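Both complexes below contain subunit A, partnered by subunit B and then by subunit C.
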Partner chain A sequence: MIRKLLGLLFFLAAVFILLPLFIEVTGRKDLYYVMTSVALLSIASAGVWLTFYIGRINIGQGAYALMGGYVSAILVMSYSWSFWLTLPIAGLFCAGVSILIGMPILRLRGVYFAMVTLVLTEVARLLALALPITNGAKGITSIPLPGSISIFGVTLVPDFVQVENPRIAFYYVAVVLMVVCYAGMYRLVNSRMGHLCMSLQQNEELASSIGVNIAWLRVVAYSISSFCGGVSGAVFVAATQSIYPSSFTVTDSVNFMLNCFLGGLGYVFGPMLGTLVLYLGWNLLFSTGQFQLLIYSAVMIILMLVLPNGLLSLGSWRRKG
Partner chain B sequence: MEQVIANGLYLGAQYALVALGLTLIFGLMNVLNFAHGQMYVLGGFITYVVYGQLGLPFVVAVLASGVTLAVVGGLMERYLFRTVIKRSHREESTMLLAAATAFFFDAVILLVFGEKQRGVPKIVKGVFNDFGVILPYDRIVVGLVAAVLILGFIAFMKFTKPGRAMRALAQDRTAAQLMGVEVDRYTMIGFALGAMLAGVTGGLLVSITGVNSGIGGPISIKAFMMIMIGGAGVVSGAIAGGFILGMMESVGLTVLREYGDVTYLVIFAALMIFLSIRPNGLMGKPWG
Partner chain C sequence: MSTILDIKGLTKRFGGLTAVNNVSFSVREREILSLIGPNGAGKSTLFKLVSSFLRPTAGEVLFKGERISSLAPHIVARKGVVRTFQETTIFRNMTVRDNVIVAHHLRAKATLLGYFLGTTDARRDVAAFGSSADEILGFLGLDAISGEIARNLPHGHLRALGIAIGLATNPSVLLLDEPFAGMNHDETMKAVAMVRKLRERGLTVLLVEHDMPAVMKISDRVVVLNFGEKIAEGTPAEIQNDRKVIEAYLGVEDEAIGL
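Moving on to the complex of A and B:
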């Protein structure tokens, strides 16, 4: 218990104090953007991980990230809502859509579910191209930065336009959301519902026969997953101030899934580690130019051969030995 | 109308060939081979080099594509997939491996062959123009070759010893093993055969559509759709799925032309509705 608390404290200190300090000392301001992306992508990956937890392979998170991004962008641009208000709405919109889509497709299992969700990503991209409200291939650009939040005259979040470096502000937003998301995920997995989800992963018929409402449970898990995707997409759009139909594609959906695999499917914090390693690895390899993809994929294959149960399985391995 | 059907049949034959390899690998080892499109591209480039640049006969080039890919596929199964399946707690881990090999192939193809669109001289000149149908002869030839290959593949699976062994494996791995089927050996042969089909298709089609290093991913997605329509892991399903997708594309492009580029949107939406009614495709085994 104490070890867990210490670990948590260390993690919080690392993301809120040590990392910004490190960036200040080294003067690599661009790292803020990289770490913001990692935090946001790991939120979406956490969603994918939850669908893995109920025994479904989800390659459709890109669709919800795109959807959340567009909902937020359209509300901000066309109806001039506050970004902070659109953030939960984007998440809820995705959750709502995922309930409608999930009810039929969650009956599928194995590769069938995987492939339908893969197709869903394509559908979202094609819809974004075809619908009039999304402005087609040109996308929505120059989205204003988020404004301030104040309650009873006390400013909780300053206006991003007046902040000296909005990237730092976005970093904190993303990290706070990530911490909240993973805390929620951890709580969920260790709750009664989490154990029920685990039973779905192992054997749905058996779970159903002892009275678990599997249809309800998997729709709820899927909608939570999509909520994460929508929120992450919305913040991403605000941070880049633009969205195109190609902002989240099949590649991103596959990457979300790979993050979960790499971190380890049996560990709540697996997707966070996986995202960090994959995203940073990809960016570090940028200097190798044309060999970037070759080295990246070769390392991934080797990792898979050596640690097929994810990076976090190293820990349990050591404990066993 | 005749034109639409002819196009559909031609597209269907080549699609079915791609789907066959994918469904074979899936049926044997429950691996969704993300790298299938990349294997197709690799086959295309090998034919491009052998036929287009070295000037050897087209048949030799296609054979070279098939053999190379069979070797690559066999090695992949032996040294990558088998190891991971053995060591991993969850079967799905092979998906990461498959995606990683897809990236790897993409990178290799890009480095070796560059990003340019490549084509080869036509294998047969002239255009068939009769019964209200206009089809270049080379498309007819390729379509027929594809049909022959499909029939040959079915015959191979039905009447030969390896084919029987593979069908047994696909139905029940443990039972097949108990009956004395050499599981490891036939899994490897199956993977090699699936890869070979992808390579041969790529080689055949380079003479018509050409090939470039970026088309691997989209082809994989199309192949996934076909085996979803037909039912994953079933040979007849893959063929049906290939022809159905070919027809839908051909008809959709004609009928929906005035609404802009929505054919694929409609196909995708139809597929999702279809699958929610029939989760295992037309002929798939339950829960793939």
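Moving on to the complex of A and C:
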């Protein structure tokens, strides 16, 4: 218990104080953008992780990230809504769509579900190209920065235009959302919902024989997953101030899944670590030029062979030994 | 004794094959009724029809006078008709105790959101499920292994765990799928005693079984199927002397039906 609390405190200190401090000292301001991306991608990956937790391989999170991004961008641009209001709306919109899509496709298992979700991302991209409201291949650009939030005259979040460096502001937004997302996910997995998801993952027939409405539970888990994807996409769009049909592609969907694999499917915080390692790893390999993908894939394959339960299984292995 | 489960004209066809053909019988409250028959007689199909894991082509199943066939299995479970599976169907990667705790789902008073937020109801449920799981594990003699991961259990224990999972749902009727299969004599005798204890808890037990001596020993009544049709129904003594039953098992030595 105390160890967990200390771990949590250290983690919070690291992301809120130590990392910004490190960046200020070394002057590597570009790292803010990198870490913002990691935080946002890890939110989308957390969603994918939850679908893994009910025993489904989800390679379609890119579709929801794209959808969330467009919902936020359109509401901000065409209806001049505040970004902060569009954030939950984007999440809820994705959750709603995922319920409609999920009801038929969640009956599928294994590779069949994976294949359908893989197609989803491509469908989302083509829809974004074809629909009039998304402005086709030109996308939506020069999206204004988020405004301020104030309650009773007290400014909680300053207007991003007036902030000295909006990147720092986005970093904090992303990290706060990530912390909230993972805290929620941790609580969910350790509450009854998590136990039921686990029962679903291990044996759906038995779960329904003990009275679990498996169809309903699957849809709920999938919609929470898509909510994460939508929120993550919406913040991404705000941070880059633009969105195109190719902002989230099949590659991103695959990466969300790989993040979960790499971190460990049995650990709530697996996707967070996985995202960090994969994102930084990919960028570090940039200097190897044409060999980047080759080395990256080789390392991934080796890691999956050596550590099938993910990076976090190293910790539990040490404790057991 | 009043009727708790009424099976009326149940028929199931798979394409051209009629697996169960117009079978009717009733199960009385607090009795142990066994469903037997040679291989391929349609026992398993009938079992799945009763627990609503399959929809009947014709006919219906009434539980306390209410039609339960063609409802979703989780709703049938909620009404109080719960099936167990053969041994491999458990939550493999959970501990024995967690298997039983999660199976308390139907007794939950709090909603999933309530559990997420940790409301008073939810905390009360969690405590109640824990002690109820311990009671069930004690009742079935599994208390010593409650911390084991389920996939590591030997098979006698797996069977008992399957029953423990079923009991956790607090059923009125428990359907047991071959509870004695693959057991040696001693294990079977223990399992027979266990099923009798289930009845003492107030449960009605319907079981599908191959092991004739065990069936004859345990059952109040026996229903015999052959080629999807009911050929006999009665007390074990009546069944053992029934010509049709003996013919159905022809080619099998008389000992096989416990004579």
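Note that in this section the second predicted complex is superposed on the first by the 321 of 321 C-alpha atoms of A that agree within 3 Å, B and C clash if a C-alpha of one lies under 4 Å from a C-alpha of the other, contacts with A are read in each partner's own complex, and residues count from 1 in each chain.
Operating definition for what follows: a contact is a pair of C-beta atoms (placed from the backbone, for glycine too) under 8 Å apart; a residue touches a chain by one contact, two chains touch by 3 or more.
This structure is a prediction, so every number in the text was calculated from the model and none was measured.
Asks: Among the partners subunit B and subunit C, which is in contact with a greater number of residues of subunit A?
Replies: Result: the larger residue contact count on subunit A belongs to B.
Asks: First (subunit B), second (subunit C), both or neither: which does A:118 touch?
Replies: first
Asks: Which partner does A:301 reach: the first (subunit B), the second (subunit C), both, or neither?
Replies: The answer is first: A:301 touches subunit B but not subunit C.
Asks: Touch test for A:289: subunit B only (first), subunit C only (second), both, or neither?
Replies: A:289: touches no partner chain.
Asks: Mind working out whether A:126 is in touch with subunit B, subunit C, both or neither, as first, second, both or neither?
Replies: The first partner, subunit B, only.
Asks: Could you say whether A:27 touches subunit B, subunit C, both of them, or neither, answering first, second, both or neither?
Replies: neither
Asks: Given the complex with subunit B, which residues does subunit A contribute to the contact?
Replies: It comes out as residues 52, 57, 101, 104-105, 107-112, 114-116, 118-120, 122-123, 126-127, 129-130, 250-251, 254, 257-258, 261-262, 265-266, 290-294, 296-298, 300-301, 304-305, 308-309.
Asks: Could you pull out which subunit B residues touch subunit A in their complex?
Replies: Interface residues on subunit B, with respect to subunit A: 26, 30, 32, 34, 80, 83-84, 87-90, 92-93, 95-97, 99-101, 103-104, 106-108, 110-111, 217, 221, 224-225, 228, 232, 260-262, 264-265, 268-269, 271-273, 275-276, 279-281, 284, 287-288.
Asks: For a test of understanding, state which residues of subunit A touch subunit C in their complex under the given definition.
Replies: 187-188, 191-193, 195-196, 198-199, 202-203, 205-206, 208-215, 220
Asks: Using the touch definition up top, name the residues of subunit C that touch subunit A in the complex.
Replies: 51, 53, 72-74, 77-78, 82-85, 89-94, 98, 101-103, 105-106, 108, 110, 112, 115-116, 118, 122, 125-126, 165-166, 168-169
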